[in-house]
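Quick one: the structure is below, questions incoming.
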Amino acid sequence: MRIAISTGGGDAPGLNAVIRAAVLTAINRGWDVLGIKRGFAGLMGEDEVIPLTKDAVRGIAHLGGTILRTTNRGNPFHYPRLQPDGSIVEEDRSDELLANARQLGIDAVISIGGDGSLTIAKLLCDKGMNVVGVPKTIDNDVSGTITSFGFDTAVNTAIEAIDKLHTTAESHDRVIVMEVMGRDAGFIALYSGLAGTADVILIPEIPYDIAKVCEKIAARDRAGRHFSIVVVAEGAFPKGGTVTLIGESLPGQARRVGGLCEPIAREIQRVTGKETRSLVLGHLQRGGMPTGYDRLLATRFGGAAVRAVAEQKWGHMVALQSPHIVTIPIEEALKQPKRVDPNHDIVRTARELGVSFGD
Amino acid sequence: MRIAISTGGGDAPGLNAVIRAAVLTAINRGWDVLGIKRGFAGLMGEDEVIPLTKDAVRGIAHLGGTILRTTNRGNPFHYPRLQPDGSIVEEDRSDELLANARQLGIDAVISIGGDGSLTIAKLLCDKGMNVVGVPKTIDNDVSGTITSFGFDTAVNTAIEAIDKLHTTAESHDRVIVMEVMGRDAGFIALYSGLAGTADVILIPEIPYDIAKVCEKIAARDRAGRHFSIVVVAEGAFPKGGTVTLIGESLPGQARRVGGLCEPIAREIQRVTGKETRSLVLGHLQRGGMPTGYDRLLATRFGGAAVRAVAEQKWGHMVALQSPHIVTIPIEEALKQPKRVDPNHDIVRTARELGVSFGD
Amino acid sequence: MRIAISTGGGDAPGLNAVIRAAVLTAINRGWDVLGIKRGFAGLMGEDEVIPLTKDAVRGIAHLGGTILRTTNRGNPFHYPRLQPDGSIVEEDRSDELLANARQLGIDAVISIGGDGSLTIAKLLCDKGMNVVGVPKTIDNDVSGTITSFGFDTAVNTAIEAIDKLHTTAESHDRVIVMEVMGRDAGFIALYSGLAGTADVILIPEIPYDIAKVCEKIAARDRAGRHFSIVVVAEGAFPKGGTVTLIGESLPGQARRVGGLCEPIAREIQRVTGKETRSLVLGHLQRGGMPTGYDRLLATRFGGAAVRAVAEQKWGHMVALQSPHIVTIPIEEALKQPKRVDPNHDIVRTARELGVSFGD
Amino acid sequence: MRIAISTGGGDAPGLNAVIRAAVLTAINRGWDVLGIKRGFAGLMGEDEVIPLTKDAVRGIAHLGGTILRTTNRGNPFHYPRLQPDGSIVEEDRSDELLANARQLGIDAVISIGGDGSLTIAKLLCDKGMNVVGVPKTIDNDVSGTITSFGFDTAVNTAIEAIDKLHTTAESHDRVIVMEVMGRDAGFIALYSGLAGTADVILIPEIPYDIAKVCEKIAARDRAGRHFSIVVVAEGAFPKGGTVTLIGESLPGQARRVGGLCEPIAREIQRVTGKETRSLVLGHLQRGGMPTGYDRLLATRFGGAAVRAVAEQKWGHMVALQSPHIVTIPIEEALKQPKRVDPNHDIVRTARELGVSFGD
């Protein structure tokens, strides 16, 4: 039996722990393991396949990043090819990929990735490749699993940042707007904001009115709380407007990281008259050593993925349904992305504590 | 409406976050909140009741310990009284407690505690006091809730310790035996041991044979891995024997913290000939700043407890049944303590990774 | 004997430890201690003076921020006053300040602050106030002291950030430009960059050429090191040009935090063709719990300041001249600000390790 | 030019950063670098010499432990040899060591170690080997250098532990006795105790009376401070007595780690009647990721050691004399070990803050 492991998409703390667990358990079963570098593209004639021995994965469980790198070269079904005239056309190179996998003697692939990689994994599975998925989503936006590795680390990084900003905000009577990851799902903002005792939390799932945000800050000021912390998810656009915020047209610029918190900070300062600063956490959330929670979850995912291969659960992915790791069809997980439920007890508790969502 | 909050038993990171959340949400409902110091004993005429205002709970969410202190003076149903002759007799002072609570105008009590405090809470509830419970168990041994606050922090503290010992063990070709909390439940040892990549994990739920532990270490040595990390729960006694370990009689001494890992270390050194050191983590696991996970969970528990009071769920406790916080009857949670299931996927994954449980 | 303590200027981890140490040692001498809120402005009839008892400073040694707040209302020698027509004129209110201090029975003031606050302290001293200074500079730009509290914490925060970015940069073949504090002095960038194994370090003291930065990154790429970390101090402008960088006019915008690293990142991406991201650490460096080094130094400063008061060292400030705390005239410290010496062994070691300073 | 690097003695965070810096700067000079495993013993025909390339030292600056291992096999001047009858005799194998070094073409050795390794280094230097030393002392007991790498990390680890114990001690009205490293020098206890706000600090340099320790704790109790933290260095024996403490004979047992704090805790409990717990930090202080301070210092030491080789400073070691790295003769550093000066300002500040040294 020979399996291969690939990681795709952005960085997430815990990737190496998944790889280590999968490699050790597979080798302990007497299997052979290959590592495919740079996502599935590593299987397309680019010489990016390496043997994964026990020695190769020693001492990596607590390291951030991934020993397999994760820069995707592209979707094998729509692979970019440079034309002589400089233009780029996309072509379907999936057959070549499958042929290469067969030639390498690969019996099954464990694909660790987010919705993009899992979609490709499912399509390759439909074409006959034996694939098992491991969900990787730092935003926690993949359905069917309570959470995935990396998310707890990102939340803790965000909370530590809020803690640090808190003392300065309080000592200096300032408003600080901090932007965290979450293009479509506001879990990091919600979890870190509530645990970090933010005063305002803005997430994509709850459209907000910037005037209400300012009113909350002004009300705190009047009550003798001269500082405020605002946590905003990168995709949390104000009500009505992907179009205008504060008299500026935003959509283009704001779709990049950090585009949102600066205009929000400026508007708060303009309306409330309070000194307001902004900070974009950015890639700090994706890096570094995974928390204990993520190391454990990643290790369990790695072990469960190998068991899923042994049980020939092709087209399935491992998932946490506490307290158990289960397997579910990849397509079921992809059917609908996970979003914050505005009626969830976390949102309710936050509101009851006095947190404003700007709505 | 006037409620009171009490915390009982040992320290657990997150206690202050529960108190803060309960106080703020209760006051936001227009309620009045009292804090009872030192467990229920604070209600027995000892002048240990303080008002809990918003100011009293500001800035405490991330602090370890509890602003209400937790040294229990004793069980009100079996309260110790010193006799003139120096002996101690126990008496039932629960009626006095209830009378005092009535006199203070307390309509309901939120009792944060482990199985001991929850049992008392249930009995007081049966006598007519309006009580809602919040489970506090750093060992994760209370049923009905996926976990409680403090456990994730303890696991992370243990993992950090393993990480630190790892480099020294490896550089110096040593065996290190580290004892963590867990008198009856081995969750901390299992979680931290697996995430921290320990080589041997010894827990109360899986009786072990010290000879097999030594054999595992010797086998690693022969394979060129000249160091080993053993994580042992404080209540993990070897097979057969609460009676003898390594020719010593243990039960008496070993029942105290740290009693177990030293004789295990000595036996490993004797049998394998390898330099072996021991370390007892002890109270480091109970203190300090809670992790993000625990701060969030504690905050949710505090908010949910106030909602449970509003809904008059007397005799119930809040519990995490991911992804929701629910309420369950306290007696249901106490019926059977939670233990590590030897067939759980975490144990299985650990075994498949090559971890020995000494069985 | 009655003394007063004031803190001025920006936040620095360790402020509370200085205050605690000064208060406890002063009270243990039988003295009385007042706290002046919001810098010296607190002494100008704005009712911002509070008694500092032992209870007031318990448990604050490890907390960031300052219990005395630090938002300066203004320089008492040039105090802003709003005119009826809306314009602002400055007036010298130092006599009023001194009179208020006398009326409060203040025998001496311990002034904790950076060059701005220390300059005011010296001027007040010249007018007859008994002042002892404690240097506070997170940038490490005050002469006469090896370092001050807060700097070690800021360096550690920056290193942790580099560590986190490192794994992502390496996994994704990216260049990451991180901006740290240091408007005029590059110590944070130099120390964190060298300890964090950055590839390029840009500081105000070493004028650089952006083309050489790009060449360094390209050379690494050719050598198979497909990622690079660039650490830039906020005041590190390229050679020739405070005027233009990359065809943009910078001085205005760049003088705000974060103004520098984005254009540098864009230029690197343009020239090298490598995906480049930027991150501004900003206020994360000023907040949070002080490191052990800073807690110890701050505590020593607080104790030494009280001894300096007892010895009537008016117009002096405490300073670290390892391994001792000494006192030096404030004016001596202010004569010349501290800057990175381009010939210092730290710079030399960095160069010999292959770090580029872009020169 | 070919140099070799060896590390000897116990673990210290920062060892890998020294190795990395020395290797990179040496290779950048065009030199060749070998690594000698397991101290000088690696040069005695045991095949423990490996090439140290740039690749071998990538990404290790922040890792604890040492890639060269540090278990010393023995002093080459008194090397143990097992006799046929089972007894052990020591022999001088230094000539063999020198011959092997010559045969390997080693022009100079950088020896990283404590007083033991540095003494051997000096003796080998006297016999003609070109040696430069790098001091390694987690206890900070080597003279001539303000500090060495690893010490700051150990102090921070101890402070974090005190912080964790603090909340539990305070919540539970307990006394906690924590033992830290420091057989002969009390720097870790003094620094961590003062920064961690311990109430009692016991160090080898200040003989103490256990009765005075108890009186301090009782006085705090009477003043309403019902908990106390005692930090004790492992070699801090009470006055009069290496012979008896609390009616027990100690010398034998106490000379091992952890031998001291348990009897001290028992005696405090007996005398004051307060619940008292003990904790031995042990190897947690030697492991893990170095702090920023230690990473920087270790890197500077590594670079400076290579420069010292280039300047043929045989028999010298690098040292921190803030703000510079200098070189001093090894024998000068070894002449007199460094101890806490009981009149140092740190001790004085601690006393003025109310800390008891039990004297």
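Which chain is which? They are A, B, C and D, in the order written, and residues in each are numbered from 1.
Here is the rule we go by: contacts are C-beta pairs under 8 Å (C-beta built on N, C-alpha and C of every residue); 3 or more make two chains touch, one makes a residue touch a chain.
Source: prediction; values computed, not measured.
Distance from the centre of chain C peaks at B, each centre being the average of the chain's Cα atoms. Residue-number overlap of contact pairs with B-D passes half for only one option from A-B, A-C or C-D: A-C.
Taking each chain's centre as the average of its CA atoms, chain A and chain C sit 35 Å apart.
Per-chain Cα centroids separate chain A from chain B by 32 Å. Distance between chain centres (mean CA atoms), chain B to chain C: 42 Å.
Residue positions of chain B touching 2 or more other chains: 163.
Taken chain by chain, the contacts form a single closed ring in which each chain touches exactly two others.
Under the touch rule stated earlier, the contacting chain pairs are A-B, A-C, B-D, C-D. For chain A in complex with chain C, the residues that touch the partner chain are 10-11, 63-66, 69-71, 157, 160-161, 163-168, 170-173, 176, 277, 279-280, 282-284, 286-288. Put simply, chain B touches chain A in their complex at residues 17, 21, 24-25, 28-29, 61-62, 146, 152, 155-156, 158-159, 163, 191-192, 194-197, 291-293, 295-296, 299-300, 302-304, 306-307, 322-325, 344-346, 348-349, 352-354.
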